[in-house]
Amino acid sequence: MTQGQYIVISNRPIAAATWEMLLAGDTSALTRPGQFVNLRTGGHYLRRPLSVCAWDDSRLTLIYKVVGQGTDWLSERQAGDPIDMLCGLGNGFDTGLSGQHPLLIGGGVGLPPLYQLARQLVQEGKQPRLIMGFNSMQEVFYREEFERLMPVTVTTMDGSCGVRGLVTEVPPEANCTYFYACGPSPMLQALCGCLAMPGQLSLEERMGCGFGACMGCTIRTRLGDKRVCKEGPVFLKEELIW
Amino acid sequence: MTQGQYIVISNRPIAAATWEMLLAGDTSALTRPGQFVNLRTGGHYLRRPLSVCAWDDSRLTLIYKVVGQGTDWLSERQAGDPIDMLCGLGNGFDTGLSGQHPLLIGGGVGLPPLYQLARQLVQEGKQPRLIMGFNSMQEVFYREEFERLMPVTVTTMDGSCGVRGLVTEVPPEANCTYFYACGPSPMLQALCGCLAMPGQLSLEERMGCGFGACMGCTIRTRLGDKRVCKEGPVFLKEELIW
Amino acid sequence: MVSTAVSLCGIRMDNPVMAASGTFGYGAEFADLYDINCLGSFSFKGTTLHPRFGNPTPRIAESASGMLNAVGLQNPGVEKVIEEELPRMRAFFSKPVMANVSGFALEEYVETCRLLDGQEQVGWLEVNISCPNVHGGGMSFGTCPQSAAEVTRAVKAVCKKPVIIKLSPNVSDIAAIARACEDAGADGLSLINTLVGMRLNLKTRKPILSNVTGGLSGPAILPVALAMVYRVYQAVRIPIVGMGGISCARDVVEMMLAGATAVQIGAANLVDPYICRDIIEDLPAVMAQLGIHNLNDIIGGAHS
Amino acid sequence: MVSTAVSLCGIRMDNPVMAASGTFGYGAEFADLYDINCLGSFSFKGTTLHPRFGNPTPRIAESASGMLNAVGLQNPGVEKVIEEELPRMRAFFSKPVMANVSGFALEEYVETCRLLDGQEQVGWLEVNISCPNVHGGGMSFGTCPQSAAEVTRAVKAVCKKPVIIKLSPNVSDIAAIARACEDAGADGLSLINTLVGMRLNLKTRKPILSNVTGGLSGPAILPVALAMVYRVYQAVRIPIVGMGGISCARDVVEMMLAGATAVQIGAANLVDPYICRDIIEDLPAVMAQLGIHNLNDIIGGAHS
């Protein structure tokens, strides 16, 4: 984990209430896709956790939905503004277990961490596929970015784009033997119910610290009590108790 | 009283820890020298009261000393920044009682309201004089501005500029029959003790609202209980109980 | 169209937003700024039997997201309030007003309430029992169920109008005190008053407030107020006026969900004199956004 | 040169700054970031006789200048603390540590304290009689002088090391409880624990925390903490560990002026993991600026 000031390079809306922010700063603590940052927003006491969507040696991308005061503040940042951030939190996804044809499933702003994951899987010579779910066409983002890496199926609740319904409407290809998922809790729970194959899921909890100090985010798992911020946010399907 | 956003035109240090800020905005509520504004500083709950140093139809000048977090925040404002302000608070000085040769006495950042007062007295054809007191030469500000209006005597505690000692070291000219004073409370008290002539003094109190709602600033006077923010900050020497 | 009207102890209010006692004077300073008839109502400055100067200055200090006050119940006394303030108020406020009453002995409460109960403009009496009891060893009336009940009973005996008891949060068990007041006949409860707090001046190394301690209010205390309103709602059946740290329309909704029938805005008036008007203007849009058609539907909604 | 050293119940500390229980784990997460031997000491996560999961999530909510937690004393139990955590801690912390103990029955407190008292690394026992998060069959031990004294006496009977009782702020008269603990043999007092608070989710219209209420901490509560430390300082002669909302070196000085011999930093560690180190580094400059040569000179300085 590193703490420091990161500088906004760009910050732009990419879908309904959804923003993409590019930041410059120390990314040395990022070792795996699925890790997150915890950033300070003006005037709010606690930091806000956001998954890292992509990074390189000196820059990182975040994608966030404006849902409250903190994310609203974020959306007002401009190029050159500093943001105080803890970087490189959590365990991240393990690509070693993926098999040759991993299935990635993301719902809404659960998609960002899957982007760096996909890049890495492709780099490792795997052939991932992606199902991305949204409420409606207005919310769809990063479709082309993802399509450049792999085949993508879009689902929307209202059918305004792609398949109508939940991500669980789309049956996985036969050659898929492993999945990675991130999204709202009901979606993850449904996936665990309907997908027979093993997989990894990234969870969300309200956090006090984000780095393991406060026990604010602890859940029970089959392998004992675990802090979502430290032993997670990524868990094996087998560990989770719904 | 008006409330609104005022825009910083300039903000510059003019002496040790002392800044001059020029703002653009609605000055229609300012009717008398000695009135004050109450401004919101970032992240602090209560507003900060500051006397108005000078104003015209669309601009006003504040002079403030950095003594804590709020004034520190102020010193970081830049041209173009907005400031939320209540403007035109308090009663202000009454120039009608001044006689032909009023004596103005200001200590440190008690001087600002005397500047607009002096301009007005001069405009009314009076011949004011000023004694300005500071701790040391480094703190002296607005000497030339004041000297353009009237004769000025400077005193400093350490003697590094002008007369050594307190403003009370300087005997008033014989033709002075009325005084106006603003500065730290011990200075005002000392003045009331040693000046036989009548006068008006501008007081400071910690304020909750600045516009008469909370009774946070009430003092006892010989004419009853008075709110410094509403019936003051300027009081007649005769009313004050030390 | 959404409906913001509520009814407090049988009196209809256009909306649940009132200004809190001690932060709105007798309304005049705000009536200079906007038409305060937009308010549900307001509670005027705490009134005592005799005139009071209160504490010497400094009476005000600041803290993170809050302020301390040690005004000490400065007021001109009930007689002057009736002779001067109420007639003056008639010119700019035409709704029933809430009369906030304080005292340091039982008889003071009774006499002040009796006099104010007789005033046509007064809609409710709000009896502040956070004051120190001069006959009870200095502890406030509001810190023990017995003395809280005693004040309630005595005041109820002389008042025709609804009597709302304003509770202190500086207690181990606010629900017990709330129940005692209800049992003694209170028509409503109002909570919370300020939390005891202090700040020190690092230069003088002494307390900032002349009174040493003061009452903490502002957004800092909102979670404490919500917890107490929630708890008291479970303990009593009479309506609750909720306050403590409210500073936007969303906070109003949150306080009502916890159990408040009406709300009061205190410290926020001091830093933003238009806040009550703005909250009332924002309320319908916030309700619509949250799918609330009628505010009455959400009172205590968090308990179901 | 200024001196920051203080002595707490006979144990010398390089400086008065400790991390508060529940916000510093067993130190490991922070030792990864900086050498935590710069601390005066720290109080480790509240330990109970048996392992506890605590409350379900959500355990955390936010408020203006503060946060709510309802962790519910999650900890591995005293045995694992002694077998695993303390040996691990030895690798990165070489000073006496404060052992924070909770319990739901007298015997649990006694047994847990007895076991921890026997550990070489433990400098002080900090007995938490106040955690508001747990349904311990009613009010907490800390809300009544008798039960506070009872815990104190029982724990003192089995401990050789200094016993510091950690008080709850959710009481009518904290001075009475402080005196009861002193009379029962407490070597020191630590205050304040969190204030009971709650927040609601406007979308679900339900409490955010699974436990409904939680403990409020952070800068929002600093004035309440200062007032209570000030009041307790006047009531007892044993040393006070002051906490609640401290987030900079100036706050440390303010808390010591009010009466604290040492201070703890809680919530601030969570939002700024380097805060304890930074405060300790800033302290000498702040002291110099305020004309303080020796921190011992200012303990309770506001009372003289």
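Some notes on this structure:
Which chain is which? They are A, B, C and D, in the order written, and residues in each are numbered from 1.
One rule holds for everything that comes next: contacts are C-beta pairs under 8 Å (C-beta built on N, C-alpha and C of every residue); 3 or more make two chains touch, one makes a residue touch a chain.
Everything numeric here is computed off the predicted structure, so don't read it as measured data.
The chains that touch both subunit C and subunit D are none; no such chain exists. Centroid distances built from C-alpha atoms place A farthest away from subunit C.
For this pair, subunit A with subunit C, the centres built from the Cα atoms lie 46 Å apart.
Here the CA centre of subunit B is 46 Å from the CA centre of subunit D. Spacing of subunit A relative to subunit D, judged by their CA centroids, is 36 angstrom. Once the centre of each chain is set as its mean CA position, subunit A and subunit B turn out to be 56 Å apart.
In subunit B, no position touches at least two other chains. Among the residues of subunit D, those touching two or more other chains are numbered 61, 63-66, 218-219. By the touch criterion given at the top, residues 1, 3, 40, 44-47, 86, 205-209, 211-220, 225, 228, 230 of subunit A touch subunit D in their complex. The residues of subunit C lying in touch with subunit B in their complex are 22-25, 29-30, 32-33, 45, 53-54, 57-67, 69, 71, 74, 208, 218-219, 267, 269-271, 273-274. On subunit C, the positions that touch subunit D within their shared complex are 61, 63-66, 68, 139, 143-144, 170-173, 195-200, 202-203, 205-207, 212-213, 216, 218-224, 226-227, 230, 245, 250, 253-254, 257-258, 290, 298, 301-302.
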